[in-house]
Amino acid sequence: MATLRIKGLTKTYGQLKALDNVDLTVEEGKLAAILGPSGSGKSTLVRAIAGFVVPDCGEIFLGERDITHERPEHRNTAMVFQSYALWPHMTVYQNIAFGLKLKKKTPEEIAKKVKWALELVDLPGLEERLPTQLSGGQQQRVALARALVVDPEILLLDEPLSNLDAKIRYKLRFEIKKLQKRLNITTIYITHDQEEALSIADSVVLLKDGRVMQAGAPQDIYSRPGDLFVAEFLGASNIVTGKTLRDEGGLYASLGGTRLPVPDDKKENDEVSLILRADEVELTTEKPAESEDYYVLKGILCDQMYLGSRWRYEVSTPEGHSLLVDHDRNLAAHSEIYLCISRDRLYIY
Amino acid sequence: MRLASSKQASSVSKPGKTQRPRGRAGQSNLSGILLVLPALIVLGVLYIYPLISSIIMSFVSEQGIGLYNYRKAINLYWVDIFFTIGITLISLAIVFIISVAIAGYLRFNQWPFLNFVYRLPLFIPFLIAGHSMRVFLAPHGILNIILTRITGIPELPGLAFGWPGLVIAFVWKQFPQATLLILGAFQSVPDSCIEAALNLGSNKFRAIWQIVLPIASPTVLVAMVLTFVSTIGCLTIPLLIGPSKPVMLPVDMSFRITYFNDWGVANALGVISYLLVIGLSFYYLRYMVKKEEA
Amino acid sequence: MQDVTRTNWWKRMILRTIAVTLIGLAIIGPLAGTLIWSFAEKWYWPSAFPQQVGLKYWKASLSGQSQVMESLWVSLLIAVIVVVLAMLISVPAGYALARYDIPWKRILLVIFLMPQAFPQLPVFINMTSMFYRYNLVGTVTGVVAVHLVVSLVYSVWITTAAFKSIPVSLEEAAVNLGANRLKVFFRITLPLAAPGLIASSIFVFITSLDEFTGTFFVGAPFIQTLPILMYTASMGYNMQYASVIAVLLTIPALFFMLVLERFLKAEYISGLGV
């Protein structure tokens, strides 16, 4: 187990900057989720840590060891691949034992260790199966066992669950989390699924075009997105763009007939984006009292959709924008309503 | 032309995905057979018939029907039979090592020079390969001209007209085809399978030997069978560069006809070479069946 | 730091140079030797280069009345006839194998492969004895027959692949508009398959041009194709003439094969999947 520190990591492919001056620290025993859309450089990052990509500049430290230019086979990292990458000609036992054999363990030690690993991932008794005889979820567990059995200093998971169907994905996600805590192993978890990242990680790192956009604890990053991209990527249901306005009170933006403050760097007639999540808005038919804690927006219900546990309404504002808002009761269409939103839940960029 | 042929390449390179012919079943079965028939007749008359008659005639001699030709063939040529097997297996082993080495290197590294130059002998017919080796490996050939200059030794023995020259010529002609096939198979092993091995502490050599080669083994076996067959049946290279004693079986067959007019023994030798090929293919088939069952 | 990378660079360059030299010598050396011999008028041991270089043997070989020219015409004539015959029987066969539900299709394709994947010599010997009965030994007809068998695998397999690559829907669209089967074949399918058919013809042409063993038995002693002439010259230590013919035979093969290189690769690999 060791702390991973990355400083100024850069990698370019021709014109494309896959990694652009990436700094990252993952404390010993913590799980960091690298989140980003495809092409954001998250795979390049994890492959640089494993040693399959040679960075143009920057440093990677594992504990006190500088591994930037170490060969992949000497790094003592263990990677779990999106495609599992189980060797089809070897049994489950042989797959898991491969790394141990390379470490010159005795047959008894290997047998003991493999048994331990298979119990760890809850697959005892499958030693003699071939990978093709296993389900996708089982294959991913074997891949996990193969990685963990060599006692790596860091575990690298490259979109480990994205080839599985939703139900198994959900289950395995928590098992991975539990295992990681139990073994107290430093882990990098690559994913493009924001829910997965938020639910599993000790810290989330958001990548875009090879740059770190924001990093922090899941709650922080979710409740205080640093910019439009982060907010959008973390699942905002409403993004409204408009122009800034000016009156005697200064610059402002208008939504639902309410005056909203704009960032200081804006000028008149600049574009401004307002972001709010459908489930963070209170919907009422009575006009609520004015308050310092929340904004009140006005609108008209124009459409609705039943989601099972709640209803989702489309609300159009006097400015002509339409917002999606969740509410647990059925309301009459075309009625005038009010939206209450906590001041720190309305993001303005 | 180039563009069109590459389009074709992409369509034929996926044998698993050939779509089942739609429609046209039932009644057109017959017209399909009629269309194939001319080609089949040509093949039947000009290939299958001589093939079968070579087997039948191998049992016919002045002594009547029996194993006389075989006894004579083995008495006269048992040394050559072992020589043929030996040369073929040695060539096969060297071809295997060279092509796995080149394919393994090119799997990890881009080297356009090597990638281009190794294919050259593929386009050279056996006859010209044999002649070129004769020029190259003769006692006063090009190789010795170079070697005498480098080493300073005034006279060196030629490699032609002995078994080393024969092996060199076979390997030179045969390794490109094997390499081409094996490299193709190596490249279809996913990167992640190799990276998983490196990641767990394996070096590249071991990753090739224990991961890539076993996964690619069906194609590697095909490459080896093809190499074996074309080596054991080749007449030109042994004629042009082989020793005069012992010789390879095709040379014996040819001499049996041209000098002795002895068709029975020639056919017996032919059937023996069939059996050698079938023997090897049998191992191949058994391996494939085992793999299917697993 | 700078110094380390520089020495590393030098080390790698030196290793590369040695590797290129050795690989080049091993692979190109024999071919280069043949090429030099074709221009050598005098070359006595142990000189590194011919004492006298010139076009003497090329001129002698390529002058109108020479044996080489005679053989060249015979070879070309045979190759052209073989291409025409092979295409005449392979285009229908390839079309049927690509489009129709023929029983034992895979086995049929493997049977066409057999002449290339099984020892040929015994078959040639028995073909010769069969041809004696019909007075075909030593005739162009006999040699054409041998070449046809040897090249059939290329023509059948490549035409099959060519027809398979054309989506059935293109034909069905034409039928749908009222064209009859024959018209569809000649107006739609054949033009689309043309590149593949040309590739297949080239393979057949080169195979026929280079064929030696079958010709050696069936053609002897009257049909002297270029390979036969080259063999005779090489065995008789007529190194210059043999080398001139070797170069003559290599140029078209090398040229066409390089053009078709991509095609060849896929063909080899997919062919094994049958």
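Lettered A, B and C in written order, each chain numbered from 1.
Basically, contacts are C-beta pairs under 8 Å (C-beta built on N, C-alpha and C of every residue); 3 or more make two chains touch, one makes a residue touch a chain.
Being a predicted model, the structure only gives us computed values, none of them experimental.
Using direct touches as single steps, what is the fewest number of steps from chain A over to chain C?
Step count on the best path from chain A to chain C: 2.
More contacting C-beta pairs: A-B or B-C?
Pair with more contacting C-beta pairs, B-C versus A-B: B-C.
Distance between chain A and chain C based on Cα centroids, please, to the nearest Å.
Whole-Å distance between the two chain centres: 58.
CA centre of chain B versus CA centre of chain C: separation in Å?
Their C-alpha centroids are separated by 16 Å.
Could you give the separation in Å between the centres of chain A and chain B, each centre being the mean of its C-alpha atoms?
Centre separation, chain A to chain B: 54 Å.
Mind listing the chain B positions that touch chain C in their complex?
1-2, 4-16, 18-19, 21-25, 28-29, 31-33, 35-36, 38-40, 42-43, 46-51, 53-54, 57, 113-114, 117-137, 140-143, 145-146, 148-149, 154, 172, 177, 180-181, 184, 219, 222, 226, 229, 232-233, 235-236, 239-240, 250, 253-254, 257, 263, 266-267, 269-271, 273-274, 277
If you look only at chain A, which of its residues touch chain B in the complex?
On the chain A side, the touching residues are 50-52, 71-79, 81-83, 85-90, 98-99, 102-103, 130, 143, 146-147, 150.
Taking the complex as given, what residues does chain C use to touch chain B?
20, 23-34, 36-37, 45-48, 88-90, 92-93, 95-103, 108, 111-112, 114-115, 117-130, 145-146, 148-149, 152, 156, 161-162, 164-165, 168, 172, 194-196, 198-199, 210, 212-213, 216-217, 227, 230-231, 234-235, 239, 242-243, 246, 249-250, 253-254, 257-263, 265-270, 272-274
Which residues of chain B touch chain A in their complex?
Going by the criterion above, the answer is residues 190, 192-193, 195-203, 206, 210-211, 214-215, 217, 294.
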